[in-house]
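First chain A sits with chain B, and in the next complex the same chain sits with chain C.
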Partner chain A sequence: MTEIESRIREEAKKVLENGLVDLVIGWAAGSVPFRTTPVFIDNAQDVDKLVWNPVCANNLAVYLPKMAKNRKVAIVAKPCDIRSIVALIQENQVKRENLYIIGLGCAGVVDPSKLESAAIRLSDIKALEWEGEGIRIVTVDGEQVLRSTEVHREMCLACTKREPALYDVKFGEAVLPSQIKPRELPELPEERQKYWSEQFSKCIRCYACRQICPNCYCEVCFADRVEPKWTAKKAVPEENWMFHATRAMHLAGRCIQCGECERVCPVGIRIAELMREMAEAVKNKYDYEAGDPKEEAPLLGTFRENDIDPAQHSE
Partner chain B sequence: MSEDSTLVQERTEQETKESAEQGRTWQPIILGILCNWCSYAGADLAGSSRLQYPETVRIIRVPCSGRVDPAFVLKAFRKGFDGVMVLGCHPGDCHYAKGNYYARRRIALLQDLLKALGLPEERFHFEWVSASEGNRFAELVQEFTEQIRRLGPFKGVVAVENKSS
Partner chain C sequence: MADKILPKDKTEGFIQALGRKFVVVAPVERKDAPAEFKEIGAGDKVILDGSQMMMPPKDYLLPRYETLLKVSTRPGEVEVQPVLPDEKPRVMLGMWLPDAQAIQVLDKVFLEGKFRDPYYAARRANTMLVAVMPAQMRWSWFCASTDDVEKWKPNVDAIMYDLGDRFYIEVTSPRGEALVEWEGLAEPSSEDVAGKDRLWEQFKSHGVLPFSDGKFYEQLAWDHPIWAEIAQKCIGCGVCSYMCPSCSCFDIQDEVCGTCVERYRCRDTCQFEDFTLMGSGHNPRPDQLPRSRQRLMHKFKYQHEQYGVVGCTGCGRCVELCPVNVDIREVLNKVCAEKEPEPAV
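And then the complex of A and B:
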């Protein structure tokens, strides 16, 4: 158990015992050492289940709109998870006063699916720990340190906001990456179209990307609507395109760049790359960053008189 | 043919073939989403003034440009329209005061989305047209139709190799 882990547990115990919250949401060890699982604790005796390590990937903010609706909840949260929380507060999906945020400085999390390609036998892994910018992997026959570029979740490789922007208590220090992974979409429109056609053709429409996303909280998603029918449910490339294009539009100015959608996709579609492209556009056009506490209103729920004019030939 | 197939596109291909056979210029099919209070009235004025412009635009009338869900445009492309134009009241002139200011942000980001997805941006046109601008409406349709003619028929939202049918 690391020092931060024990402080998280103490804090959880404290807020449950003194009645400040009814529930603590955090991560617990998974069935294998390279996975964690969300855990919901309502009894102070159970706080030792809580863990904090490089495979605490889940953005737990996804549970808040329902779970923190009518009660006070403590949540253990990474900086990106906290951006989700900020966005949910701004969009009136959760009340700040219902939350107790245990914020963590971050050094990036691991995408377990990348461990396999890093020539490690998954069954040999005993533990994962942060080691500077990299990750120390303890296996049955020793240990090795892998570079972040080999094993970090894609979004983490582009993330510089590793300090919590909103919290009630904060533990741990951020480790900033020495380099940022550049955006890598092809330049030419035809090549881009080809790229996304290939990507979207793989989609099986399981909707894991939507379910995991803290900002996809609509009770009835456009993709499930029958009347009007925005997109057929069958997984054909054109309909998949419609699903992904519309979802990207719905998240424009709202996606906080946690990369969860991409991590959970069973067929490895580079969804977060599209999300990153849109977040760049939002930043360039409106100097707006989703999940930043300085933003007063949701981007598309407001405007400025001097916003840029998208008309092509205005006179 | 199922109801989900790209009706417009099949029709366009058919028409392209026919017009080529008959030696006519190919007529694109364009979706025009027009605000009732300004651009739609502008289109009406163009008609009642008997201005000539190509019959390429299929018009959907909306109460305000603020009603335009970017998914309308995405779905139009998914269905195979060769071009889509969205027209609204000039900034400051919206019948509902602010609708077009909200539209402005959505449309601007829609343009970025089309770009990120690699769709030809020239197939989408956004413009402010008032009720008194009948002439301007006719010119716009003329110009946009020319632009789409130069691009040729839209081949669809996914690359040819990945098409389902």
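And then the complex of A and C:
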């Protein structure tokens, strides 16, 4: 157990015991050492289940709109998860006063599929630990340290906001990446069209990307509506385009770049890459960043005098 | 039966030879995604060694999207045309053995009993199944906990064991003989036989859960507290069922396009909020708890009661891919043993 882990547990115990919250949402050890799993603790005796390590991937903010509706909840959160929380507060999906945020400085999260590419047998892994910018992997035959570029999730390789932006208590220090991974999208529009066609054609419409996304909280998603039927349920390229393009537009100025959608996609669609593209467009055109506590209101719910007039602006 | 050796450098010739007699369906490599079963064509890179995650073979037999019928309307005239797939002799290669066994489960659902599904039947008729036994067992497999895997062998026509530079082709059904007629195949040595036996023994003992007597169906209780525990974290997506080789649920939709109507079927899952949601607004499984319970009870209890087969064959896809690490092995451990599970890796 690391020092930060024990401080998270102490904090969770404290807020449960003194009645500040009814529930703590955090990560627990997973069924295998290279995964963790969301855990919901309402009894101070159970706080030792909480863990903090480089496979704490899940953005737990996804549970807040339902779980923190009528009760006080403490949430253990990475900086990206906290940006989700900020966005949820701004969009009135959760009340700040219902939350106790245990924020963490972050050093990036591991993508287990990359471990396999680095010729590490997943079943040999015993533990993963942060080691500076890299990751120490303890296996049955010893240990090795891999560079972040070899093992981190794509979204983490592009993330510089590794300090929590909003919290009640904060543990741990951020480790900033020495290099930022550039976007890999083709430049020419026709090539992009081809790239995304190929990506979207793989979609099986399992909706894991939507279900895991803290900002996709709509009670009935457009994709499930029958009247009007915005998109058919069949997983064919043209309907998949409709689903993905619409979802991207719904998240423009709202997606906070946690990369969860891409992590959970069973067919490896580079959704987070698309979302990163959207977020950059929003930043360039409106100087707005979703999930930043300095922003007072959601982008699409505000008008500023210097906003670009779409009629005057086509690109 | 006549077992054979296929040297890996002759794989292409072998597939071409099969192609002269059968439509060959195999996992084809894709960019950033698990290989997908399709009728192979020029330029396709086929992955036969079972070493990687692949889409379930059901995607071929029960496509994610399939037109069932078309209706065309003209003034005073309505014409209904079923769109049936061809019945061609096919051979499906490269699937994991649990995936092949999962096809037995699909057969029960779509071919036996009161309703025979003509669409599934057309693809399934004359389709031979060739399973692969990879050189390394997958960490998430727990096949031998779900059933007596010896019983699975005759359900496929052949098994290809990956012995490094060669495949050992074990013919497991009489009609499977037709698969090994190609002259490029060699006779197995006693060493090859030993290699095959070794892999089979590994498969039989791999991923056996601590309590494994395979009788989950007697122990799964309707009111077990575990359902609430899973439901709390489950996000209600389609990953576990859409990727599962034996999940068979589908939706049927009608779509109007000008003067014609298309009736198609596509995937559906008990994990979705709108699954079996009725027109009246009533939903028999109104929240995630009954949905989470349904997935496991259906596989381990109801299907066993109904068909005498276990609906889960331990392929591990849901174990690997669940976004919130709902690990079916852990759930079974908890329910059946009522003790903290050992790490099941």
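Annotations for the structure displayed:
Keep in mind that, in the parts below, the second predicted complex is superposed on the first by the 311 of 315 C-alpha atoms of A that agree within 3 Å, B and C clash if a C-alpha of one lies under 4 Å from a C-alpha of the other, contacts with A are read in each partner's own complex, and residues count from 1 in each chain.
Everything that follows uses one rule, which is that a residue touches a chain if its C-beta (ideal position, glycine included) is under 8 Å from a C-beta of that chain, and two chains touch if they have at least 3 such contacts.
Predicted model, so just to flag it, every value in this text is computed and none were measured.
More residues of chain A lie in contact with B than with the other chain of the pair chain B and chain C.
Looking at the shared chain after the overlay, A:217 reaches neither chain B nor chain C. Once chain A of one complex is fitted onto chain A of the other, the partner contacts of A:31 are limited to chain C, with no touch recorded for chain B. When the two complexes are overlaid on their common chain A, residue A:208 makes contact with chain C while staying clear of chain B. By the touch criterion stated above, A:230 is placed in contact with chain B alone, chain C being left untouched.
In the superposition on chain A, A:264 makes contact with chain C only, not with chain B. Using the contact criterion defined above for the overlaid structures, shared-chain residue A:198 touches chain B and also reaches chain C. In the three-chain superposition model, chain A touches both chain B and chain C at residues 198, 232, 234, 236.
Against chain A, the residues of chain C that register as touching in their complex are 30-34, 55, 64-65, 136, 139, 232-233, 235-239, 242-243, 251, 253, 255, 264, 266-267, 272-274, 319, 321, 323-327, 329-330, 343-345. By the touch criterion given at the top, residues 185-186, 188-198, 200-201, 222, 230-232, 234, 236-239, 241-242, 245-246, 248-249, 252-253, 274, 277-278, 281-282, 285-286, 299-301, 303, 305, 307-314 of chain A touch chain B in their complex.
The residues of chain B lying in touch with chain A in their complex are 4, 6, 70-71, 74-75, 78, 91, 98, 101-102, 104-113, 115-121, 125-128, 140, 156-159, 161-164. Taken together, the chain A residues at the contact with chain C in this complex read 30-33, 35-40, 58, 62-63, 121-123, 198-199, 202, 204-208, 210-212, 224, 232-236, 260, 263-264, 266-270.
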